[in-house]
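In the two complexes below, chain A is the common chain; its partner is chain B in one and chain C in the other.
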Partner chain A sequence: MRRFQVAMPKSVPGAVAASGDDFDETKFLAGGTDLLAEIKDHTQFPDVLVNLKSIPGLKEIKVSDSGVEIGALVTLSELASHKEIKRSWPALVEAIGHAASPQIRNVGTVGGNLCQRVRCWYYRHDEYPCLKKGGQICYAQQGENEYHSVFGNRICAAPHPSSTAPVLIAYGAQVEIHGPEGARTIDLEDFFHSPEDDVTQENILTSKEVVTKITLDRANTSKHSAYCEARERDAFDWSLCGATVNLQMDGDSVKRARVVLSAIAPTPVRRKDLEKVLVESGVGSGALEKIAKLSIRGARPLEQNEYKLTLVKAMLKRAILKAVKG
Partner chain B sequence: MSNTTTLTLRINDEDVTVAFPTHHTLLEVLREECRLTGTKHGCELGECGTCTVLVDGKPMLSCLVLAAEMDGHEIRTVEGMMIGNTLHPLQQAFADLGAAQCGYCTPGILMAAEALLEANPDPTREQIQEALAGNLCRCTGYIKILEAVEWAAATQRGEDTPPAKESIYGSPHAATKGE
Partner chain C sequence: MKRREAIDKLTGREAYIDDIAIAGVWWGCTVRSAVPRGRIRDIRFGAEIDWSEFVVVDHRDLPGPNQVAMIENDQPVLASDRVRHIHEAVLLLAHPDRDRLREARRAIHIEIDEEPAIFDYRVPPPADTVQHGGDNVFKRVRIDKGDVDAALVAADHVVEGVYETGAQEHVYLENQGMVGYVEDGVVTVKGSMQCPYYIHAALRHALARADNEVRVIQAATGGGFGGKEDYPSVLALHAALLALKAERPVKILYDRDEDMAATTKRHPARVRHRTGVTSQGRIVAQDIEVLLDGGAYVTLSPVVLSRGVIHASGPYHCDNVRVEGRAVLTNAVPFGAFRGFGAPQTIFACERHMDVIADELGMCPLGLRRKNLIQDGQSTSTGQVIRDGTDRIEILDRAVRDAEFHQREAADRAFNSTHPYLRRATGIATFYHGAGFTGAGETYLDSRAQVVGLATGEVEIRTANVEMGQGALTTFVKIVAEKLAVEPDRIRVAEVDTFHVPNSGPTVASRTSMIVGRLLERGCDALCATLGGDWTGDKFERELLRWHAEHPGQELIAEVRYEPPPGVEWDDERYEGSAYGTFAWATYAAHVEVDLRTFGVRLLDFVAVQDVGTVLDEVLAAGQVQGGVVQGVGWALMEECQFVDGAMANHNLTNYSIPSSDDVPPVRVVFYETPYAHGAQGAKGIGELPMDGAAPAIVNAVARATGARPAVVPLTPEVLMRVMGSA
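Showing the complex of A and B:
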């Protein structure tokens, strides 16, 4: 692995102060399960890793009457085994259960999961100077694109790999970000940006900004929530397509809905059009067919990934039926 | 900040003071500085699990953590499994049942299985599969590994049960079906 030094700040402002003006200077280190692999793969070249694990207070899960605050450094295992998360945000536990392996979940953090880079094999290969690395073309457009995006893929076709992001968005999560100007809180939905915004980064963070916590409000959860994903292998595999559905129900009718698709576009995709149909038409078989049909409108499958359209429809229906059951 | 780190690592209940390049992984330091070569280099990217060690009792991938971060943590490797001169029940079961062929995945699988049995002395087949989901084996086909973990668990619980021989005779379920 390329040589680097490690800074050990003791506070969030200390971490911000230790960070450089671009990502080649410094990268924040959380669990390292993605970052160290990137350095080995020669896709990142930081001179200094700013270790967030040396900062106290970022590893806590704080439960209150209104909801829960999850420190960015909480590991995926800690999150999925937390009693209150299991009780009140079950789709999150479901999604984490399928993500990576037990070893990786023991180290990988929720903040790192949201900030992880794409898994496109052209991006991860040092012989392909793709758009994400400042190059001129997206090799996946005409290349091996079996696992790539079917939506929003005109510039870069790498799908966003996070399994927690879609579920957290469906639960209305907010993220707290610290930077040189202090702290701000935004909806997680607005955290990710598309290749049209900036193809070289998947989220809005600058090299000097740290995610410190994720907040979930009880008002936005429901026992009628579910996450379903399709994989090639049963265990230890990336999602090919994920659907998260979070419904507020009153008898058979849907009062409020959140629908988020994942692994099929460069960002997790909230589908307000489908949410509207759920509220207006409910969850009967007619409505489900309508939603399935509508779900793939605007898709642009590449040469090898048209099968993902079938998965989008199937995972959506599955997640809706599972959510209704509660 | 410096290019070299000197630390006293706690490995298999012993303190070992080592100096190593700051950017080296725990896997590199275990193998190169500590000469503990039981832990294997595989993919180096988190995909195979053969580098699994226990840190504070939890399975982690030594290829994806920095040794520089191991201050104050308890590390266990496959070299720490034997109890005196006696093989750990898991090691004994793997040897007796032929749950290792080339053996390259074995140290990692033993560590993941040890952590499982520590937390859950009587795991179901499904729980064993889940605990070993991050460990690839290219030789055995996994069934013998699952049988060995089940047998070792039974031995550790003090039960004198013969091992399942599904890998030889097929699954009991399939046998009933055939009758």
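Showing the complex of A and C:
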């Protein structure tokens, strides 16, 4: 592992001030479950780690009448065991339960989970200078692509692995970002960007910007919300495909819907087309078949991952049925 | 008694080789071949690196023969003119900075004129790929008992089957690592290992040094499973060569990628069965062919083959048995020792085949086994007469009872007939495992152990056998404490250091507790004899203190040597006689659920019943069984080494999946304890046995659940899908 320095800022502006002009220079460190592994694997070489854990106040969960504010450094375990989260945002707890292992969830943070890098063995191996690392090609296109994206994969096929991001998007979460110009808040949905925007990064953050808070509004949650994912192994494994559904129901009809697919594209994918069908056609078996069929439109499976299309349909149907049940 | 080193391990105080800081140490790394076979034409050192900062070692730096001393000495320490597999070591580098080392490794270009290679061990080698003898066969072994051909002709039915098992990675928690240094003219290596004296011999040979000019010290070892039996000899030589040339300590630590890519794996195997049976289910002839992929060098393949062949006919009595075994060369990274050592491969075949035979005859698989299980007075394939008093039928019946085989069969039938896509069933495997070295191996090892009476009144145990997670340390202390009736905290265990401990043999082959433990018991007797009586407890300590008072400044060492149990004779030419001092016996039962949509197999319940002689420590013994079963579950269902040109392509833990705690139900362990007169307190070997039974029990269950006939492990969903597609 290459040597690096650690900065221990005492405030968010201090952290921003300690950060450099590009990602090779500095990286923000939260739980470190992804970043330290990358440094050990020789895929990241920052000179300075700006340790966010030295900043007070980033580990709080504040509950109010309107919703909840989650500090970026709250660990996944803390979040999943929080009484109010369990009561009002059940799909988030479900998704966290699938993430990595208990040991990693005890250390990994919710902010870090949103900012983690992609799942791709070419990206994660130092011998492959892929597009994400400034190289010229995506090795997965013609290579071993069993676990890669089936949507939006023309430039880079690495899927985004987060299982909390799709659920938070489905719950309409907002993220607070601090940078040199101060703080701003955006919809989490707009936080991620595609390889077409910038293949080397999965989100809009510059090297001087940091996620400090995630906000959930009660108006956007529902007991009719669910997360389903498929994995190869029962624990400690990556999602092969995830589906999150958040429905506002009135009797049998769907008033509002949010549908987000994950682990099948370089970002979590909100599917407004499917939401529209849910609102227009409901959740009967005919509608489900229609949604399933529509869900894989535009997919571009690679040589080894056509099976993910089956998973997309199955996970989506399961999530809808589970959500309807409430 | 608690595990001796438990607190150190739990608190992280235990010092593995990575944790041991050494002043002035440099880091070593290995430059490897990128092609499977060829002639080295040129090695270019890139101009972007200042090579004067580095120590570079190649084959010319070897003081002695360029051979890793093992069975055949065919493996070079560093390739000289040719390579035989991808990742074969060609050069070694040392530098104070590990990152510079990585850059330097990339700047070295080994130019190799490629030659035709062979990767499929099942096909006869084309002439231009012959690299060993005239036919690439490393070793042939043959067992002949009775008249197989005549018995096959006379049999009511002949049932045939072909079974294949894949390679497996050990995935010990701690990667391989070794430091080399020279101290007072003595070349010393310290690191993670199972067999200090194997390394000692390898260093002596290739460094051309005398016994007392090389020294091997074991550091805390984080798991081995056979992976640290043969390979550490290679690594120790590399560390020693770098230390000699650098004139300073050099440490080599493999990361997980390198460890999985470059070190040994379990031998892939294909086993063919042709079995003659009567209409009543009596087995009258077994004609078996065992073929192992040895990889590019001989390593331990001949003895892995030997154990595989001896276990191939299963725990059954049959008057006519022929087993022909071969281990052949391929241009794959060499295969080596792995828990079970050839037996899991052949037992998988035998036990799957038993279910196929039962199927063909329309018999219950339990009945078929009951009918043929060896009884006292009957003999194994090598003619070894079993007379150990173990009730093998009861072991089988207990597993059947505990697994509720018959009740579940009815319940599963009802479930399967109504459920749209889930299918459940129970499968069983009945098997045995010979403990200790095969044949005359233990006699040849000539193991020695010491029990030392210290001037403090304490006792010190000196053996070359290592604690690697299995609990040897605790078991040894327990054996001596109980023998002398002294408190465990009055017993010390000497650091495993070839300057201080005698050669009690390698920590392999399920031999440590049984054989070395027995040596320690005899050492206690010898110590007491010197003290003039059969002392125990406080009296023992008083006598010990009195001896030291009478012999000031002297050491009281009781050393004992291995003596073969009476009646143990082995003919290595004819493969006849007592293959092992004793066998452990077992029946395992697996209850599974198969998803016909995904072809995924979920294990619902697992029962492991065995007789391992006296159980020395209930917790450690159950741990061995549970761990072995989990390793077997991985081998059976998910651990797939994907080879490209003879090298593992998925050499990391995200792409090579091993079972997690959610993939395995609680393993219900039952022990029967029929004491073995020549093992410590009556113990038999236990370490490898549980590796043998999980895969056949699980795959038999899958076969019963689906009606298909899977004959391959790992039985991944993809493989099962293909099997069911053709069914």
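In the analysis below, the second predicted complex is superposed on the first by the 326 of 326 C-alpha atoms of A that agree within 3 Å, B and C clash if a C-alpha of one lies under 4 Å from a C-alpha of the other, contacts with A are read in each partner's own complex, and residues count from 1 in each chain.
As a working rule, a contact is a pair of C-beta atoms (placed from the backbone, for glycine too) under 8 Å apart; a residue touches a chain by one contact, two chains touch by 3 or more.
Because the structure is a prediction, the values reported are computed rather than measured.
With chain A as the common reference for superposition, the partners chain B and chain C occupy clashing space. Contacts of A:2 after superposition: both chain B and chain C are touched. Set against each other, chain B and chain C differ in how many residues of chain A they touch, and the higher count belongs to B.
By the touch criterion defined above, A:84 lies against neither chain B nor chain C after alignment on the C-alpha atoms of chain A. In the superposition on chain A, contact is made by A:42 with chain C only, not with chain B.
Of the two partner chains, neither chain B nor chain C is touched by A:25. With both structures placed on the common chain, the touch criterion links A:238 to chain C but leaves chain B unconnected.
Contact with chain B, but none with chain C, is seen for A:33 once the two complexes are overlaid on the shared chain.
Shared-chain residue A:121: touches chain C; no touch with chain B. Judged by the touch definition given at the top, the superposed model places A:104 against chain B, while chain C stays out of reach.
Once the complexes are superposed on chain A, the part of chain B occupying the same space as chain C corresponds, among 5-13, 59-67, 77-85 or 149-157, to 77-85. Looking at chain A, you'll find residues 1-2, 101, 235-236 touch chain B in one structure and chain C in the other.
Across the complex, chain A meets chain C through its residues 1-2, 42, 101, 119, 121, 124-125, 144, 232-238. Interface residues of chain A facing chain B in the complex, by the touch rule stated above, are 1-7, 31-33, 36-37, 40-41, 48, 51, 53, 77, 100-104, 106-107, 235-236. Chain B makes touch with chain A in their complex at residues 1-3, 21-25, 44-46, 49, 52, 58-61, 63-66, 68-69, 112, 129-131, 133-135. Listed in rising order, the residues of chain C touching chain A in the complex are 98-99, 102, 257, 638, 649, 652, 654-655, 657, 659-663.
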